[in-house]
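The same chain A turns up in both complexes below, where it pairs with chain B and then with chain C.
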Partner chain A sequence: MKLKKSTYGYLLFFAVLTLFPFINDPKWLTVITTFCIYSVVALSVDIVLGRAGMFDMGHALFFGLGAYITAIMNVQFGINVLYALPLVVVVPAIFAIALSSPIVHLRGDYLLVATVGMNIVFEQTLKNNLFGLTGGPNGIFGVDSYVFGFSLDEPLTIYYIAFFLLLGTLLLIRNLERSKAGRALHYIQEDPLASESIGISARFYRVFSFALGAGVAGLAGWVFSIQYSAVSPEAFNFMTSVLFFAIVLVGGKASIPGILAGTFIMFVLPEIFIEFATARYFFFGIAMILSMILRPEGMFPAKYGKLPKYVTEDK
Partner chain B sequence: MDIFLQQVVNGLTIGSIYALVALGYTMVYGVMKLINFAHGDMVALSAYIGLVLYTQLAGLGFIPQPLTVVLVFLITALVIAIFGVLLERIAYRPLRTAPRLSAVVSALGASMMIQNGIMLVWGPNILIFPADILPAISWNVAGVTITFIQAAMIIITILLMISLTLFINYTKMGTAIRASAINQDAAKLMGINVNLVIMIIFVIGSILGAVGGLFIGMYYRGITFNLGWVYGLNAFIAAILGGIGNIPGSMIGGYLLGLFTALIAGYVSSAWAEAFTFILLILILIVRPTGILGERVAEKV
Partner chain C sequence: MSLLQLKNVTKKFGGVVAMDALTFEVEKGQIYGVIGPNGAGKTTAFNCITGIYKPEGGEIIWKGENITGLHPSKIADKGIVRTFQNIRLFGKMSVAENIISGRHMKSKQKWWQGLLATPAYKKDEYENWMKVSEIMEFLDLMEFAKTPTNSLAYGIQRRVEIARALATEPELLILDEPAAGLNDKETLELVELIFKIRDMGMTVLLIEHDMDMVMQLVDYITVINFGKWISDGTPEKIQNDPIVIEAYLGSDDDDDEDEA
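On to the complex of A and B.
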C-alpha cells in the first residue's frame, strides 16, 4: 500500500518527538513539553473555531479551569492528582455546555466578544481569590504530583505525558473528522441553514464542539499544572486566548500541520531568539498582519476530501 | 444621596471617555463590519504622544499654558489621525475581500504591534502626567465635588458628539458614510468613493480616540502601555450596549456604561467591577443582542 505524503510527515514528526529526550538538554525538554501542551490547547481551540466555525476567543478559560481544578484539589484538599483526572475533563465540558448554550446562536463577532467577556470574568474571579480557593493574583504553588511512587513532574515523565496527550488529541481529531459529528460540524460551518433543513441540529453540534474543545483543553490544563507545579491567573488570561485564536487562524483553520507550525512559531521560536524576548509580541503583531495579507486562509489551509474521479472526469 | 450624586458625576466623566472611544469602534464596525482591535491601542498611543508633546512644549517656556494644552490636543489628534489612516492602508485594506476572520487576526496583530511598540519606546513602567496641566479648580454643588477637568471632559465630549451628529446627518460626506454602512456595493454604484469614506471614518474615529486618550492621561494621570485593552474593551462594550454600528447608540452606551461602572465601584465592590461589566455584556448579548438602538444580529437558523 502506498502511503500518503502527509503520513510520512506525521511519522517523522512522531519519531522526532519520541527520540527528542535523547538530546538530553533539560531546558529544551521543558520547551518541547510546553510545546506539546500548547499544541493540544491550540487543537482544542481549533475544534471550536476551525471545525465548528465559532469565533471562540476565550478558550484559555477551559484550559485554566483544568489547571486550577488540579491545583485546588491537590494543594487545598490534599487529593492525589490522579483523582483529578476525570474532573478536569468533565467540569470544563459542563462549564462549556452551560456557558455556550445561551450564546451559540449569536453572529460571529458577538460570540467572540461574549467569549472574551467570559474569559475576563474568569480571570477576575481567580484574582479575587474566590471562596479563598484560587489563591488570588499569585495563584497556587506546590502541586504535588507523587503517584504510585513516581513523581510525575520529573522532566522526562512529564514530557512523555504531554507527548501522549498530544498523540491522543491528534487521534481524537482524526476520529472526529471521520465521524458523523465531524461531518456535521463541517457542514454546519459551510451552511447552517442547509444543514438545519436536512435535520442536523446546528445548536446541538455547536454546543457539542464547545464541550469537546473544553474537555481537551481541561486535560491540557492538568498536565500544565503538574509541569509547573503551580498555576497563576496570568497563564490563562484573555491574552492567552488571543494567542491561541491567532495560532489557529495563522496556521490554517482545521489544518493540523498549520496549527502545530503556529504553536511552534509562537512558543518555541521565542526560546531560540531569546535576545529579542522583550520585542517578541511586537514582531508577532507584524507577522500576524503580514501572514494574513499574504495567506488569508492560513499557512497550510486545510484541504477537504477530493471529489471522486467519476464525478470530475469527462465522459 | 451625596455618594450617589458623586458617583453619577464620576460615571459621567468615565462615560465621556467610553463614549469617545466607542464611537471609533462603532463607525468602523458600521462600514467595514470589522472589530478594530487596534483602536484601543491607538488611544493608549495618543496618551503617550500627548505626554511627550506636553513635556516638550511646556519645556519651551514661552507658550502660555492654555495654548499649550490646545496645541497638545490638536497635534496629538493630527498624529493619531495619520496613524489611523496608515493602519487602515497597511493592515485592513489588503484584506477587505478576504475571509472575515483574516481581518480580525490582522486587527489583533496591529493591536499587539502598537501595544508592544509603545512598550519598546517608552518602557513597561507607568508614566505620570504632570498634575498642573489644567487648573486645579473644583466646585462644590450640593455636596458634590466637580473638578475642572471633569467639567471640561463632559462639556468637550458633548460638543464633539453634537458636531459629529450634525456632520453625519447634514453633510454630503455624512450621507455617504451612512450609505456605505447600509450597503457598500450599492454605495459604490451610486458614485460614492467608499475608500475615501473609510479613510474619513478612520480619521474621525482616531481623532475622537485621541481626545479620549488625552482625557485618560489627564484624568487618571498614570498611563501604561497596555491601557488600550482595558479602555478599548470597555468602550467596545459601550458600543454593543448602545447597538454597534449605531452612532447615537454608542454615545448613550458610553454614558450608561460609565454610570454602571461608577455605581458598581461605589456601592458593590471595585475589585469585581470589571467582572460585573462583562457579566452585563454577556447578559445584554443573551437578552437583547441588538443593543439599545441597534440592528438585528442573531442568525436566522
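On to the complex of A and C.
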C-alpha cells in the first residue's frame, strides 16, 4: 500500500509524541503537555476563525470557562474532576451559543471588537471573585485530581491525557472536514450570499462553529486546570486569545499541519530560547510580521480538492 | 394554479422606486423570460423573489403560499434556486466541492453523525458524492472535478454554477443573464442545456439580454422598463409589440436628443 506524504508526516508526529516521555526531563514534559493542550485550543479557534471565517479574538474565554468549571466544582464543592467532564463541554458550548447569536451577523472587524470585549468582561468577572467562587485575581489553587487511585496530575499521566485529547481532537477535525457541516463552514466563509441561495443558513453555521469551538476549548481547559492544579485569570485573558489568533494565521487557516506548526512556533520555540529572556519576543514580533508578508496564507495553507476516490473513479 | 406569482411587488431604495407594482405569473414547466433595457429592474425582481431584498409592497406567492420577505435560505429550501449575473462560486474550492454544496439541503446527515463518522453519515456522503458525479457527467465537468473554480474559463464557471443549482434539485431554477460573457458556441450549448433542464421537469425563469437567445428559448415573456411592467406575451407577440420596440429604441432617441 502506498501512503501519502502527509500520512508519513502524521505517523512521525505521533511517534515522536508517544516516545517523548523517554527523554525523561520534567521541564520539557510539562512544555510538551501544554503544547498538546494549546494545539487543541488552537484547533478549536481554527473552527471559528479558519473554517467559518469569523474574527474570534476572545476564544480564551471558552478555554478558561472549562478550566474554571473544573476548579470551582473540585475546590469549592469537593466534586471529583471526572464529573466535571460533561459540563466543561456543554457549558462553554451553551455560553458560545448565547454570546455569539447576537453578534455573528457583524462584519469581521466589528465582530473582532465584540469578542475582545467579551474576553475582557470574562477576565474582570474572574478577578472580582464572582459569588465568591472564582477566587479573585489569584485564581483557585489546589485542584485535586485523584481518580480511581490515580493522581491525574502526575507528569506522565497528564502528558498522555493531553496527548490523547490532541489525538481525539485531530480525529474530530478530520471528520468535520469531510462532513456536510464542515464544508458548510467553508461555503459561508467564502460567499455567505451564494450559500444562502442554495439553502445553507450562514447564521446557523456561524453559531454552530462557535459552539463546537467552545466545547473543544472547554475540554482543553479541563486538562489545563488539572495539569497546573490551579487556574488564574491571566491564563485566559485577551493576550491568550491573541496568541491563538496569531497561531491560526501564522500556521494556516483551516489547515491541521498549519495549526500544529503554528502552535509549535508560537509556544514551544519561545520555551527553547528561554535563555534570551524577553529579547525572544522581539524576534517573534518580527517573525510574525514577516510570515504575514511572505506567506499571507500561512505556513501550510489549506488544500482543497480532496475528493473521495469513488467520485472520479471508472468514468 | 400558477407556480410563482408576483402581485404588485414594489421595491424602493431610498426615494428611488426600483420596481413599481410588478405583476407576473410563471406556470409549471415553462421557460419564462424577463427582459428589459439596462437598469429596468430585472435583477431587483429576482432579488426580491429569492429573498435577498425585502419588497416594500406586494406579494410573492409560491404554490399558493406567501413567501414575501422570507430569508434566502428558507426560499431555497422551498425549491427556488438561482444563479448570479456575476458568477458567485466558492473560488478556492474545486468544481466537485462547489457542486456538493448544492446537495446541502438534500443531504440527510446530522452534524454529530459527521463528527463521529457514523455508518449513516458514510452512506449519506456516498449517495451525495455519487449524485455530484452524475451531475458532473451530465454537464461534462468531470475533467475539472479537482480544479479550483477560480482558475477555470468563464464559460465553464457558468456551467459549474448551474450544476451547483441543479444539485439542489430545484422546482424553479432562476438564471440571471446566463449567457452574459459566453461566445456563440457556448450560448448554443446553454440553450440546449436549458431545454434539457426543462425536460427534466424543472421550471426555468431567466433574465437575458441576448434577444436572439430569448426568442428561441422562452415560452412566455414579461417586459419591464423603469421598474414597471410594460408588456407580456409569447416571443412572437413581443417581437412585434410597438411598446416594446419603443422601449428599446426609445432610449436611444433620448440619447440622441441629449447629444443634440
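Just so it is clear, the second predicted complex is superposed on the first by the 303 of 315 C-alpha atoms of A that agree within 3 Å, B and C clash if a C-alpha of one lies under 4 Å from a C-alpha of the other, contacts with A are read in each partner's own complex, and residues count from 1 in each chain.
Please note the rule applied: a contact is a pair of C-beta atoms (placed from the backbone, for glycine too) under 8 Å apart; a residue touches a chain by one contact, two chains touch by 3 or more.
Model, not experiment: these values are computed from the prediction.
Asker: Output check: A:296 vs chain B and chain C. Expected answer is one of first, second, both, neither. What do you get?
Answerer: first
Asker: Does chain A have more residues touched by chain B or by chain C?
Answerer: Greater contact footprint in residues on chain A: B.
Asker: Please indicate which partner A:178 is in contact with in the superposed arrangement: first for chain B, second for chain C, both, or neither.
Answerer: In the superposition, A:178 contacts chain C only.
Asker: Which of the two partners, first being chain B and second being chain C, lies in contact with A:207: first, second, both, or neither?
Answerer: A:207 sits against neither chain B nor chain C.
Asker: Tell me which partner A:194 touches in the superposition: chain B (first), chain C (second), both or neither.
Answerer: In the superposed model, A:194 contacts chain C only, not chain B.
Asker: Which of the two partners, first being chain B and second being chain C, lies in contact with A:285: first, second, both, or neither?
Answerer: So A:285 only meets chain B here.
Asker: In the superposed arrangement, does A:186 touch chain B (first), chain C (second), both or neither?
Answerer: second
Asker: Now for A:17: first (chain B), second (chain C), both, or neither, which partner does it touch?
Answerer: In the superposed model, A:17 contacts neither chain B nor chain C.
Asker: After lining up the shared chain so the two structures overlap, which partner does A:55 touch, if you call chain B first and chain C second: first, second, both or neither?
Answerer: first
Asker: Taking the superposition as given, does A:84 touch the first partner, chain B, the second, chain C, both, or neither?
Answerer: Neither chain B nor chain C is touched by A:84.
Asker: Chain A residues touched by both chain B and chain C?
Answerer: Residues 193, 196, 202 of chain A touch both chain B and chain C.
Asker: Quick one: which bits of chain A touch chain B in the complex? Just the residue numbers, please.
Answerer: 55, 102-103, 105-110, 112-114, 116-118, 120-121, 124-125, 127-128, 192-193, 196, 202-203, 238, 242, 245-246, 249-250, 253, 278-282, 284-289, 292-293, 296-297
Asker: For chain C, which residues are in contact with chain A within the complex?
Answerer: So the residues of chain C touching chain A come out as 50-52, 71-73, 76-77, 81-82, 84, 88-94, 96-97, 100-102, 104-105, 107, 109, 111, 113-117, 121, 124-126, 128-130, 132-133, 137, 142, 145-148, 164-165, 167-168.
Asker: Give the list of chain A residues in touch with chain C in this complex.
Answerer: Listed in rising order, the residues are 172, 175-176, 178-184, 186-187, 190-191, 193-202, 208, 304-305, 307-308, 310-312, 315.
Asker: In the complex, go through chain B and note every residue touching chain A.
Answerer: Touching chain A: residues 29, 33, 35, 90-91, 94-95, 98-106, 108-117, 119-120, 229, 233, 236-237, 240, 271-272, 274-275, 278-279, 281-282, 285-286, 289, 297-301 of chain B.
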